[in-house]
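Naming follows writing order (A, B, C, D, E and F), and every chain is counted from residue 1.
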Amino acid sequence: MWAYNKKLEYPVNINSKDLKMAKYLADQYGGPYGELNAALQYLNQRYIMPDDKGKALLTDIGTEELAHLEIIATMIYQLTKDVPVEELEKAGLGSHFTSFDHATFPSNAAGVPYTAAYLQTTGDYIADIESDMAAEQRARATYEHLMDLTDDKDILAPLAFLRQREIIHYQRFKELRNYYLKNKI
Amino acid sequence: MWAYNKKLEYPVNINSKDLKMAKYLADQYGGPYGELNAALQYLNQRYIMPDDKGKALLTDIGTEELAHLEIIATMIYQLTKDVPVEELEKAGLGSHFTSFDHATFPSNAAGVPYTAAYLQTTGDYIADIESDMAAEQRARATYEHLMDLTDDKDILAPLAFLRQREIIHYQRFKELRNYYLKNKI
Amino acid sequence: MWAYNKKLEYPVNINSKDLKMAKYLADQYGGPYGELNAALQYLNQRYIMPDDKGKALLTDIGTEELAHLEIIATMIYQLTKDVPVEELEKAGLGSHFTSFDHATFPSNAAGVPYTAAYLQTTGDYIADIESDMAAEQRARATYEHLMDLTDDKDILAPLAFLRQREIIHYQRFKELRNYYLKNKI
Amino acid sequence: MWAYNKKLEYPVNINSKDLKMAKYLADQYGGPYGELNAALQYLNQRYIMPDDKGKALLTDIGTEELAHLEIIATMIYQLTKDVPVEELEKAGLGSHFTSFDHATFPSNAAGVPYTAAYLQTTGDYIADIESDMAAEQRARATYEHLMDLTDDKDILAPLAFLRQREIIHYQRFKELRNYYLKNKI
Amino acid sequence: MWAYNKKLEYPVNINSKDLKMAKYLADQYGGPYGELNAALQYLNQRYIMPDDKGKALLTDIGTEELAHLEIIATMIYQLTKDVPVEELEKAGLGSHFTSFDHATFPSNAAGVPYTAAYLQTTGDYIADIESDMAAEQRARATYEHLMDLTDDKDILAPLAFLRQREIIHYQRFKELRNYYLKNKI
Amino acid sequence: MWAYNKKLEYPVNINSKDLKMAKYLADQYGGPYGELNAALQYLNQRYIMPDDKGKALLTDIGTEELAHLEIIATMIYQLTKDVPVEELEKAGLGSHFTSFDHATFPSNAAGVPYTAAYLQTTGDYIADIESDMAAEQRARATYEHLMDLTDDKDILAPLAFLRQREIIHYQRFKELRNYYLKNKI
């Protein structure tokens, strides 16, 4: 089980209103290569890892991805909070407003709801860890796309932090795979 | 952010192998009225609650639903662990095995992957809390269906606990709605 | 069975061309909190209501939601009828035009096709009626969002009528729930 | 708008319990070639028909498909009403029961929820009427499959009626298409 | 099996950058009436055709639709190649860029991923061929919509070619249907 | 473009009728780790590879996956050809028969239609090739699951061939990734 700590893993303080970024950031919330999918994938896969080392790593990274999910949600929330409907509409958020007003929603940037069809698990731990390594590469690439879409430092700082974490996760998954292959577990 | 505590909210120790229940329990994992959807719905909605009282309640219950998700995953895992493929197949788990082997997967009982199309939020906190009350009623009904499908005490005990929690969550959401309506927040 | 009456439940006569509203109105056509889903949910649930009173109410409101669906379709149709493709494109309807030309289509405002994943039924009539009450709250909120998105009186009048109907439906569902709870049916 | 008439277009009185048919009949409820999709497709397309003749035909057949939807729902309801959970499970309805108890749900026979991705409209009335002709052919084929799956006369009689109606609808759509082609409308 | 020939069925040389067309062309890539769905539908259906004549026609047209899919992908690729992110964003491709950068993706014009829910087969070869005829009509209509959305000759020429091929495919499917009906196969 | 060669990449001659395998094999047809998804993923990604070497490899393997798709479809077709409906039903194919009769359909083993939500591309060629490596691992694991589900030599032989090809594809993708990393392309 989890205990909630009322603190973000990385601080979010957005002053400007680069509103279109609220739309694009959704991709890391409920998109195919986003934090929700990563968290669910790792927490779901941990049961079939062959030893405690693997179970612990997947629990650890899965739990951190939940913290990342919270960072992304907070960014979207701060970007749109109290913004009048006319401005939301101009920024291309009219469709989102129609359904959800100022609330966040786990969809991709185009508004397609999150689906567990994105989530990969085969019950074969080598295949699963390779899938996790690839997931981290895709998350890294998505953060780079998001960083290409804005100049706002308040947005860029948490994105740079999150991108860096994905690179570290990739390394940790790679080490685990190599450990299992080497030790023929 | 969340800290992981290596302990289930309610103990799971399944000795018998009522295998078909592994299939049905998926409904509370990735089904329309299941724990994953509840957790995401409440954690997603908390940002638009009008005061700290509401934000705290949604965070609190959303976090508990993550713990419930873990209980359900553990139950499915224990039910199928080390069971030979022939037995899985006889119990109607052949399709699941083809894709996922002994791993769990967030789908409903029929194998339809979880979709955030199940998740409800409108940005209107009264509508959202009523949606949460209704979600708790549906979760309660689903637990009752699951309890009708087995006589195994190892399975019934955690299901009874979880059902009871949904009833308490319903009450807490109802109190919050009434507090907001009474105080015209 | 149903007999068609060539008359709208509320008149629709749109003279101006607030084109972007055609896109947003789709949310009440095939969106998660829209009229199609409401009609199907109530007409689907009526069989498991415990008495004729409940069956009649769900049939009655389900049938009225079909009439609302027709109002929404007529509004979208009138808004876009004979509008040149260049204007549709400027209003953000280029993607819609590519697939559907000037036809309507049951999707949400972002273009995601209607899915019965939105539809809630558990076979437990108390849970189902609470789900209907919550559905009416979400429909009310969505009408309010749509009314915030336009100043066109030709559009606002039917939306105000429809919003009011949802509030009345909510009351009727609440009365039914309370009647069942009081009489321990 | 529509007025409800408390009478089925064709009587349904099922005495035996060919339970697996409840599962298969869902295909005509919420499946790809089922009555819900037909009703929505025709009622949605009618606005772009080039004259009143076309609009009237689509409204007429669309309204009849709603009556067919009601026949199918009634058949599924009668087949499963008051059947104990053990028998439902033996007939392969355990997954359905988990989510929906004895309620119906608009999915296909495998339990995949209805999606408007099945619905075809292009805004080109010739393409749309050909799509309707093809839809009627698929519905006819599906009724034939269902009739191959049972020997129960209580079930076969309404299926034979419904199959016959699809053949007539096909003819009426074909006549409309030919009329438009001949008259170069 | 198939052998690849490094040559397009129709040449694509796009010099201008009518960027919004990249978004709309996706509809023929992964949209409901697009080339991917046509290719899969015909190649999937060929097994149940009653003779070699039918199997050959479906294989032949299915294989050609793969070539069309490649033409569409090449057009989207050429339209967006090396275009700076700012220009992509202005053209409404910001959401696409977030997930996919300059890569293509099989979705419809609104960004909804391709689903085989679009694909029609009943195992009844007459119903299936009528479905194919209707599919060709819808593809023709979609090409006409796309041609209405641009004045760029580099784009119009391949679209006109592709539209013409759909008309020919429609004729060939119609001849096959009539041959089967006449010979009572 | 592609030329069709009326020959399977590996011969399929199934004499026995291990019918349930028809259901499970669907997973390699339209499932998340199946041949359709692999073919589309590689053919879609090839445009953004940085040189001809990468484009050629993706075209080559993508084209071979189309041949694998044909092998799987032929296996399913041979397994069910001319089998009476009663036998299909006993083997758990009743739901499939209702919609599709003896035709194949691109779904997973549980009957969920193929969705391009399974397909991964980011426009970052390193991330994409890692995604392809992981896809091959998952396909290998799925073939191993299928081989665990049958003793029929007619089925096992093509599955063993296909599994072997996935291992080779994995190696080729890995070499390409390493080549790009080493040469800092």
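Going forward, a contact is a pair of C-beta atoms (placed from the backbone, for glycine too) under 8 Å apart; a residue touches a chain by one contact, two chains touch by 3 or more.
In this text, all values refer to a predicted model and were calculated from it rather than measured experimentally.
Enquirer: Considering only chains that satisfy the touch condition with subunit D, which of them also satisfy it with subunit F?
Expert: A chain counts here if it touches both subunit D and subunit F, which gives B, E.
Enquirer: Going only through chains that touch each other, what is the minimum step count from subunit B to subunit E?
Expert: 2
Enquirer: With contacts defined as at the top, give the pair, C-E or A-F, that has more of them.
Expert: Contact tally favours A-F.
Enquirer: Report, in degrees rounded to the nearest 5, the angle of the rotation taking subunit C onto subunit D when the C-alpha atoms are fitted.
Expert: For the C-alpha superposition of subunit C onto subunit D, the angle is 180 degrees.
Enquirer: Based on mean C-alpha positions, I'd like to know which chain lies farthest from subunit F.
Expert: C
Enquirer: Whole-Å distance, subunit E centre to subunit F centre, using C-alpha means?
Expert: Each chain's C-alpha centroid was found; their separation is 22 Å.
Enquirer: Please compute the C-alpha centroid of subunit A, do the same for subunit D, then give the distance between them in whole Å.
Expert: Here subunit A and subunit D have centroids separated by 41 Å.
Enquirer: Hey, how far is the Cα centre of subunit A from the one of subunit E, in Å?
Expert: Distance between chain centres, rounded to whole Å: 33 Å.
Enquirer: Using the touch definition from the top, which residues of subunit E touch two or more other chains?
Expert: Only 32-33, 92, 99, 101, 107, 110-113, 115, 117, 122-124, 141-142, 145 qualify.
Enquirer: Mapping chain-to-chain touches, which pattern fits: line, ring, star, complete or other?
Expert: Chain contacts: none of line, ring, star or complete; other.
Enquirer: Across the complex, what residues on subunit E touch subunit D?
Expert: 32-33, 115, 117-118, 120, 122-124, 126-127, 130-131, 133-134, 137-138, 140-142, 144-145
Enquirer: Under the definition above, what is the set of subunit D residues touching subunit F in their complex?
Expert: So the residues of subunit D touching subunit F come out as 20, 23-24, 27, 31-33, 92, 108-112, 141-142, 145-146, 148-149.
Enquirer: Quick check: in the complex, which residue numbers of subunit F touch subunit D?
Expert: Residues in contact with subunit D: 85, 89, 92, 94-99, 101, 107, 110-113.
Enquirer: Looking at the complex, which residues from subunit C come into contact with subunit D?
Expert: 1-9, 30, 36, 40, 43-45, 47-48, 59-60, 63, 66-67, 70, 73-74, 77, 99-107, 113-117, 119, 121-124, 128
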